[in-house]
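Working notes, structure below.
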């Protein structure tokens, strides 16, 4: 199933509740037609409010505008915008069966009964729920409800798909398997999608681009790899994965710190701090290394062991060691940082 | 020690139950006994019931008519109000609900006197059974509002409605296809309460009635005061027969709700 | 409150009919009643304070209601706790018996008392058989007391049982694990936890009792409770002003009791009323 789709533009959109509570600072955002844009951030950062602005469930403060494919829809209520929305709690109608829920949007548009039945069948097939169509909502499991909610949103062929933390209510294993399904589905549909989540793994798996938000502001927009490897500031860095910070003194083309020195990569500019992720540090033999530390704790996580290493810098540093072998607690180890850590600065 | 305490509790409970039950059974029996003074030996008869029907069938039908009309008015006034209140701020909701419940808190006598002071002069209104309907509506409205508002709140109707709106449904469509079906239980419970209260209402009705607009409870007072014990009992029996099925229905719903929640 | 789906203007539209009817048929009449009661520059209020008759009626009403409230709350707590916390054959039946009379109008309750203690009453027959003398007390203060008890018990028991259902059994278990005996558990865990419900139902019981009319009307005792006095002023003495004044006093006392209990017991109390 392929859907017609539009791009979305938000201009100077802000949202204030009451007289003083500013939930969204004025922002501009463009969503490319057909892309999946993920709004990522902690609770209270404004991502859901932003989604609701796009949906038409909230209106931006004066001066803000929302456009679908160039047309101004700011004054249009949600009923008229042609969006498909999946809510965190699914919002499935308890007084109807699964089929009837999926058919609802089509019934509102007064499509002929045969066409409605055909569409509903198509969507139940697409979401692998064909066997459960006749069941009442209360008889469905969490994952099944989620699929029906998606089917219902897609049935009226929306030009924009909006999802508000659709997987948050499910347990971890189910979330992972559904995430893969959802990814395949969204790619196949080609519809402009805005997806809200606080789970960074989900964001990186599903998004063409990610919008990292915090306290009502956009911190950074970019592809998952950009966000991960080149976070714009400390907040983004801390939210996505784990980031270590190593302070020191710049001397002789190297950063000198408590644990030794980190030689600069070619073309690196002078700095008194470098940032690196746990997987950017390698465990090497202590004699071969210019940087040393002492293992304070080692946590076995299955595919890797995470070490907390003291003595490298002012703070404890987290280092991942892949594979079966790992140093013991208390051991003095050598570390080597990949040259890529010099490519990116964070303020 | 514990056994004695339990036994004492059980005794108190049973005595209380007997206190409430025995006169009820007695009066039901008296209604079909030929002569109460002589007791069962005098035989089983339906003549007292026939007499009650002769004398009071008008009153009984009037009570039913008033109850149904009251219910219809309360539905039209109360369901939208409850829906609106459940979506309003907490302070406003509490204020309005507190206001609407005043006629229940304040003695019916006072409310009736008030009505007489203001509308007693409008003769056509005063002598019609609509005068009683007005009193019943004011008295039973808060029960419907409370019941429906509670159900509205417990359902997170707002998100369901947003879902329906996202699918293109306008306000009227949403109200009919999403809101009403899901608050049915609250409306039903409220309706049963309204009908039961209206049929049995006396305090207000006694002050508002005229000899031409006698309701069932007014007839009961009349029968107790001026008729034989058997007639009063038979009339009470008729009242029980009307009221008990409604009460049982209400209790069944209540238990069903509890079971569903568990 | 922001709500794009059910905006404020529409909410007011939905509230308007109910509020209009309420204003026209209750607020206005009540205001008029207060107005009438203060006619002749509050002569009725002065008479109320001066004349012993009205004062006696008020005190009798308050005293009776207080007594009934105490008895009802104690009895209903005992029975309510017993029924809520145990399961046994016949439990459903007992609960039904104790709560069905909820819908009986005051007149029917009066008749029930007559059946028990009237001239042809059950108790009279029993005492005649046992003691040789027929005991008839339906038309006395005792009869009135029993009548008020009859319609109060179902209400209070329901509230107590609903509250007992919400009690956390783990609090009790914790007390028992620390050595508390049955009575200590009741005194230190159950009663404090039930306090809001007990306050709510006690105030509701008191308010209902002072405003009760049908029961007193049927039992036609020579003890005049305030509602009867009001009724007599209106119908026998055609003294509308006095009836209005007494009604206002009664209304204020009732409302005051309920407001006080809501303030003491919090929102739970108000909801139960």
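Each chain gets a letter, A, B and C, in the order it is written, and its residues are counted from 1.
Definition applied: a residue touches a chain if its C-beta (ideal position, glycine included) is under 8 Å from a C-beta of that chain, and two chains touch if they have at least 3 such contacts.
Remember, predicted model here, so these are calculated numbers, not experimental data.
Set against one another, A-B and B-C show the most C-beta pairs in contact at B-C.
Distance from per-chain Cα centroids to the pooled protein Cα centroid is smallest for B.
For the pair chain A and chain C, the distance between C-alpha centroids works out to 59 Å.
Rounded to whole angstrom, the centroid-to-centroid distance between chain A and chain B, based on C-alpha atoms, equals 55 Å.
Separating the CA-averaged centres of chain B and chain C is a span of 17 Å. Listed for chain B are residues 162, 165, each touching two or more other chains. Looking at chain C, residues 5 sit in touch with two or more other chains.
For chain A, residues touching at least two other chains, in rising order: 57, 77-78. Residue ranges of chain B in contact with chain A, taken from their complex: 155-156, 159-160, 162-170, 173, 177-178, 181-182.
Of all residues in chain A, those touching chain B in their complex are 55, 57, 77-80, 82-85, 87, 89, 91-95, 104-105, 108-109, 152-153, 156, 162. Of all residues in chain A, those touching chain C in their complex are 17, 56-59, 77-78. Residues of chain B that touch chain C in their complex: 1-2, 5-6, 9-10, 12-14, 16-17, 19-24, 26-27, 30, 36-37, 76-78, 80-81, 83-85, 87-89, 94, 96, 98-103, 105-111, 113-115, 117-119, 134-135, 137-138, 141, 145, 158, 161-162, 165, 171, 174, 196-197, 200-203, 206-207, 217, 220-221, 224-225, 229, 232-233, 236, 239, 243-244, 246-248, 251. Chain C contributes residues 1, 3, 5-6, 10-12, 14-15, 17-19, 21-22, 25-26, 28-30, 32-33, 36, 75, 78-79, 81-83, 94, 96-108, 110-116, 120, 122, 149-150, 153-154, 182-183, 207, 210-214, 217-218, 220, 227, 230-231, 234, 240, 243-244, 247-248, 250-251, 254-255, 258, 267, 270, 273 to its touches with chain B in the complex.
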